[in-house]
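Across the two complexes that follow, chain A remains constant while its partner is chain B and subsequently chain C.
Right, the complex of A and B next:
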């Protein structure tokens, strides 16, 4: 069990708030859509801080401009992967940005065991650090029962 | 002194170049009909002429002294394309609310154009040696301030620009859609390496993204730099494992020589630090060198603006901070302290908007009310992340987001470490306040006016935030700014 505030993974924009309700998620979706950004849904059971490429639950929904439709997709993803981390990312294609502009977690496993910090003492007092997810030592799909 | 004292430009070459002293206007440094080229560098100075010196002559003198002139005529000008190399003062306007009938002696804005060939590519040192060189000590002007510059695209393209930039920094840190949170370790001097790292660990685990060395933490008797780096990286990695988030600590590599700075930067990189920092006082060339190092080594480069207020704060002399912002974007830093509006340090909201836009936007149109005198195309130089630091706390979160936007690092040093329930609680209070305010903003709420209510709602389930609001909720720093706009926005007919 993680010992930080909230005992949870704190990636994303809103991890220090209580879990977002569907209504709250819809408002965040509307904010992004009003800016002309496209929404993508991604899931993983390997939440390592350097795991950039979560699995895509389909391509970003470039042509879907209705928050209700996107919320349906989010809930589809939640039903398919109830024990995975799921995040919503808003992509901005404007010149000079061309990058995610929002990213927040909308689903997480009930129990989050967190990460081990491995230290390898090397020359001098240098230490090589690596962070390892306790859950990810198990095979994909079996990590968060 | 064989020359007649007259104002007009002397066009007869023989007369123009015979030995003696001429007025700068006569020498050709005042050209009211000149139309600047797209490739010219343009500087805008605020001039307080000595008594008896007319403003156009003062402007011409500045153009002369910051380009080719010396105090007397030299025939060797005729060996060169001197008309090209001569800077041209082409416009002089009296500064509003100065001169007769006001409390301030007359000041003038002078526009001066410089041909691109006057400058070496990619060198802030070369640019500044002309623009803020000898000319600032020139006797013909009582005071002189560099207010703004227009940098042509052709010239900007010779600079690397920010080593990392906002877009890449956010991708690397995996943090989007909200300001980043930081804190400066306090007390700024005296902690041992081991004790220092404790502050870093607590603040990062509690919810901050970054902790920062202060500007004057280098390698002193109480804590050597290697110890600091080792303990801070233990703290960063521990906090990263405890939260599952990427974390960082700005390791200050400022030192007495470039060799020492490179040694410290290399060690920081070897330890896996995402970011290092330097101070503005290391100088323009050292900053450009470190920016190249940072680009090559995939390390973010933070700049603390230590020293800037010695020349940027007084309105009649020195240089405006917006010019420093421009030079630092060219020089290639990724972060720069640029004011808080609401904190303890100097900062008028309109002026700070000008600084922030200069650092972050790809095009900044002329906006006199924000102190921006020129349209500026940034030629795809990456965006610099401004840093707001100094006397800010969670209770101001709505104002901070309103004035500074989301691409900014908000640094709550005292506001984290001084929290009554401890450093972790202080960090959590700041992060909860931030996320609650961003959520409310995105939901379309009138968060600036409802800010205190939004914070109170979050404090109902977050006791660290409640304690922070109870401790600092009423603290504000209301002093008049010294650096304010000369122009007020006026309503225009639709």
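Right, the complex of A and C next:
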């Protein structure tokens, strides 16, 4: 049985939905800006679920009022890394939160080969599991043609 | 802004005006700003143009948004920043900018100090201004012809690109002295051609400056009497003849100093002859408070007093 028939990375918000359009992204960005969260753009080509630290595309954007500027940066990032995963993170700096409050993917490679499940037999009949991205076996920058 | 299903044959301009409450802003402009008749006329024209082009848009007669970038030229203290704030409000109410905030910057905020510093800096400012108005004060400093490796040119190029491609995301207002802005536009024809509205701010006349002084004092709950208004009139005439005269800003500074002297006068009076101070005395700026200014001193001074 195929567990992920679409072969799509399902990390962050909206990842089971069809890709967001720019208009929908704008609305989500407006929501975050209205709450006073700062927005950062991050990219990676290593989509392992435990890889939480993606590269930042420019600095996080503070004191913005309108999503147009962020959308411009998102499009810049898409142009620079057309075959990478790109996500938008909204950080809440309020005391008590101090954490990302929103995070969703806005760009993904055309072909996502998915993950291999490795089973390692250890002492007795114990099995240790690990996942490994098929794409990540190739060197950085060449993972998604 | 709901687009009608089938375009109606006529449209109610009055309704657009009322919905946007443009008249309020224009009236406020009239009330709060003394003089500046040509500026007010131009703003009225621009507002009318925007209302009409919105009506045309809803009838399907016009598709592209009009270019709204402006240049405000005039001497210091003639109200350029204040008018820019009002302009942002007008544009916001008519739906030409989404948020209506004003981001006010100068050369330092746009131009970096080393290679590769300018572009991110300019872009950050532009991102902050999106959805509102970017007000670039003393914009002619961006271009320094005497230094061909100046990074200002880079900032200008990024600015031009965004002014063209993000026309419905932000409105850029350039401000500065008239003659220097003229040179700036001559050496940057691309900038000049992208700016639709050139508005010139005239200097205030002596009477207008006096009216401004009274208005400012009123806002701070101070008042003049006959003697002090006469002193103020003389002050305005003398100060205007001196160098570094900055119209309304000089008047504001003069008032601030007069308030200082008034406070000192009341304080000293209270120290010598104990007694209560009447509310009237607290609000009155006396002739002596103004006449103590260095401007009235006979010997020529090079600074404002």
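Quick notes
The rule is short, and it goes like this: the second predicted complex is superposed on the first by the 141 of 145 C-alpha atoms of A that agree within 3 Å, B and C clash if a C-alpha of one lies under 4 Å from a C-alpha of the other, contacts with A are read in each partner's own complex, and residues count from 1 in each chain.
Going forward, a contact is a pair of C-beta atoms (placed from the backbone, for glycine too) under 8 Å apart; a residue touches a chain by one contact, two chains touch by 3 or more.
As the structure is a computational prediction, the values presented were derived from the model and not from experiment.
Superposition note: with chain A as the common reference, chain B and chain C can be accommodated side by side. Of the two partner chains, chain C is the only one touched by A:58; chain B is not.
In the superposition on chain A, contact of A:11 is made with chain B only, not with chain C.
The larger set of touched chain A residues comes from B, when the choice is between chain B and chain C.
Legend: residue contacts after superposition of the two complexes on their common chain; A:114 is shown touching chain B, with no touch to chain C. Residue contacts after overlaying the shared chain place A:70 against chain C, while chain B stays out of touching range.
The minimum CA-CA separation between chain B and chain C in the overlaid arrangement is 16 Å, rounded to the whole angstrom. Comparing which residues of chain A touch chain B with which touch chain C, the overlap is empty. Residues 2-5, 9-11, 13-18, 24, 27-28, 31, 47-50, 52, 89-90, 95-104, 114-117, 125-129, 131, 133 of chain A touch chain B in their complex. Here chain B touches chain A in the complex through residues 167, 170-171, 174, 176-178, 205-207, 230, 233-234, 237-238, 240-246, 270-272, 362, 380, 383, 424, 428, 431-432, 435-436, 438-439, 442-444, 458, 461, going by the rule given at the top. For chain C in complex with chain A, the residues that touch the partner chain are 98-99, 101, 120, 124, 126-128, 130-132, 166, 169-170. Those residues of chain A lying in contact with chain C across their complex are 58-59, 61, 63-70, 72-73.
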